[in-house]
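One structure is given below, represented as structure tokens, and several questions about it will come after.
Which chain is which? They are A, B and C, in the order written, and residues in each are numbered from 1.
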Amino acid sequence: MTDKIFKQLLFVLSLIVLFITAGMIYSLVSGSLPALREFGIFHFISSSEWDPKAENYGALPFIVGTLLTSFLALLISLPFSLSIALFTGEYYKNSRFSRIISSFVNLLSGVPSIVYGLWGFYSIRPIIINMGISSNGLGILTSSIVLAIMIIPYASSLSSEFLGMVPANLKEASYSLGSTRLEMIRNVMIPYASSGVTASYILALGRALGETMAVTMLIGNTNNLPSSLIATGNSMASIIANQFGEADGLKLSSLIAIALLLMLITAFINLIGKLIIRRFQ
Amino acid sequence: MEIKNNIIMSLKDLSVSYTEGIYAVKDVTADLLDKNITAIMGPSGCGKSTLLRAINRMHELYSNIKVTGEINLKNNNVLKMNPMSVRKMAGMVFQRPNPFPTMSIADNVMAGYKLNGIRKSKSEREEIIKNSLTDVGLWNEVKDSLNKKGSFLSGGQQQRLCIARAIALKPEILLLDEPTSALDPIATSKIEDLLLELKKQFAIIIVTHNMSQAARISDSSMFMYLGELIEYDNTKKMFTNPSNKKTEEYLTGNFG
Amino acid sequence: MVCVLSSIIAIPLFSIVWKVVSKGYKQISLEFFTQNIPNSWEASLALKSGNIIPGGIAPGITGSLFMVAIASLMAIPLGITIGVYLCENPNNKYASIVRFISDLLQGVPSIVIGLITYSWVVTTLKSYSALAASVALTIMMLPMIIRSTEETLKMLPNSLKESALALGASRIKTTYYVIIPSAFSGIFTGILLSVSRVIGETAPLLLTSLGSSSINWNIFSPTSSIPTLIWDFYNDPNLLNMVWSSSLILLTIVFVLNYIAKTVSQSRNN
């Protein structure tokens, strides 16, 4: 094979990535058209009826379910992941302790989603029930808690990297003016790394949005609009996982429309996160 | 002094430009001799490395570099040949020693053959390895570690390994781009002695920013300045009695 | 304060490991690895008499290995080659588009990929299959391998490529005999990490390979995998106790893969 052919082969192979993505978008769009045409895009997104008998489907409960759980998870994870990031990126940087914390976080990131779901069901759910928060222990809150634990590793390792990028001479300048460590972190480090850290959390949000198994097992699987944090509901991912089995016709098309929506939201969030990072660099 | 050796390579109006109208090398014309060490020297940015890399067409790895003129190696215009064939005829040694980290010492020496898909029998392979390593003075030091990777070798030894790798292909000429600038003085002097030995087999062109190195080992020297070949002559003559004023200024340290 | 909040992370980790190990170890035996999935009725009998549920998850173990292996066969050569392409063309506009799309692909939720693969492969072949699952897993592995290949290659010194080319080697030979071997440990780490991620994926497999009651080596038939078995066990009150031992196996595999990846990347940095 000559070099010229090799170069062309590389080019052709790289097209595969584009084809897969384009094919994906095409399949999602064409699959959702029946439902979107039937209900109209706007109505579909804003309706909270999910009635298989009347063949009337609306995606609002699930959109809300996804957004609620993901944002709540982000909120819950914030103090912990930020602490870990500060711990490993600044305090105790390169110390044995920080390496231990890093390896714990690393191990957590490897735990499969279904195992998180199991653990959430058998360990977290009893706690929620015992605390009297909810009678069946399932719902938005429970799934958000487990989701938060799932995204802590991702959020903390990303933001730790950004915090680590703060140049030493800036930190030294702050100390030489007599600041304490906390003041230095608040006034120098965080402002400097703020866009990177923000981007890390946006990307972690992107991860949370797409999470399926753990949420499916903990959110209660009811198709209504969640009325409070302890209410049960469904997320976009979990409704697809639950109802895909025997779905066909309009129902299938609605599920595909939900998948399309999920993909668009996730892509959008990830895009924003990546753009911020690019600006930072 | 009469130069009795044959001409191995002649450059004719060789010019290399990066962008329109900006020349890194301008209209260089020179005949280079076989079994001779020719040094190319000059201040930073004078185009000496560019000139060297034009000979084995390494510049083609980077786009928008234009080369005009002729480089005739044994009556073939290098610029019109298949670049890979050219590179088999012109061995190159770089500034930083760079033996292939994933190959053993023996495989490094034979890398030229392997990368070109040239098969050699076991006995031929052993002969090539032994000869090349002996020629660079490494054989006794590594003969028991041929299958080990070269990372344990010192900088000077690694550079000699790279030279062995280049000469194993039996090239017509050896191109060296500041081969000792990353080495300590002892390693440097070993390599210089090595080159003096090797010139009995190959034509050697060495780019150097160290004019005393040029004075020590080269038979002929080229002085370049701002892309132009200012003077090209027998080294002894150029250093003791340079014909061009610029050359004299450079040699007496008045600039560069 | 920061110390306390950070150390709290140990709690969920230990809790998960403890739960899985303590509830799962009883079921672990040679039979567990080699026998077929018990059916619901056998399990209810065992439960009533207080015995360990008979049977094992052999179909799941073989299925997981089978599908991940096929996915790797597809994703690894393709991913490495595309990574090489991207590294060779850092400034090319087209290459930046490919890089961007690859990043986009990485963020697509696994259930959406499962859905797509269902409509491409399962409906075409008119059956759930290991092939469909492998395709889904390949799509998930690809961006990770591409990215880690490109990043590793970017860190190699330029002189490496130049010395190979200076010996007269063609571009292809330079890539495959010099560049990729030198980047091997970085690429290997990327591969290990992507394998450890997909081996635990459940959602896409539920939609593509479904599951079977016995060991299956037919690429066109439904196949079990450890995660889907866990899901099946979870949904069957009689088989519920099997979830812990299966999770134990899965967790061990994932932790071991991550450990190997970490060791390889650390030895490279030294």
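We adopt the following convention: a residue touches a chain if its C-beta (ideal position, glycine included) is under 8 Å from a C-beta of that chain, and two chains touch if they have at least 3 such contacts.
Since the model is a prediction, treat every value here as computed from it, not as a measurement.
Asks: So which chain ends up closest to the centre of the protein, judged by Cα positions averaged per chain?
Replies: Going by the distance between chain centres and the overall C-alpha centre, it is C.
Asks: Going by the contact definition above, tell me which chain pair has the most C-beta pairs touching.
Replies: Comparing chain pairs, contacts are most numerous for A-C.
Asks: Could you put a whole-Å number on the gap between the CA centroids of chain A and chain B?
Replies: Between these chains, centre-to-centre, one finds 56 Å.
Asks: Centre to centre, by mean C-alpha position, how many angstrom separate chain A and chain C?
Replies: 19
Asks: If you average the CA atoms of chain B and of chain C, how far apart do the two points sit, in angstrom?
Replies: Centre separation, chain B to chain C: 49 Å.
Asks: Can you tell me which residues of chain C touch two or more of the remaining chains?
Replies: Correct list: 170.
Asks: Help me check something: in the complex, which residues belonging to chain B touch chain C?
Replies: Residue positions touching the partner: 56, 58, 61, 84-88, 91-92, 94, 96, 98, 100-102, 111-112, 114-117, 162, 165-166, 169.
Asks: Show me the residue ranges of chain C that touch chain B in the complex, using the header's touch definition.
Replies: 157, 159-170, 173-174, 177-178, 181-182, 184
Asks: For chain C, which residues count as touching chain A in their complex?
Replies: 1-10, 12-13, 15-16, 19-20, 78, 81-82, 84-86, 88, 94-95, 97-98, 101-105, 107-113, 115-116, 118-120, 139, 142-143, 146, 170-172, 196-197, 199-203, 206-207, 227, 230-231, 234, 243-244, 247, 250-251, 254-255, 257-258, 262
Asks: Looking at the complex, which residues from chain A come into contact with chain C?
Replies: Residue list for chain A touching chain C: 1-3, 6-7, 10-11, 13-14, 16-18, 20-21, 23-24, 27-28, 31, 79-80, 83-84, 86-88, 91, 101, 103-108, 110-116, 118-119, 122-123, 149, 152, 206, 209-213, 217, 237, 240-241, 244, 255-256, 259, 262-263, 266-267, 270-271, 274.
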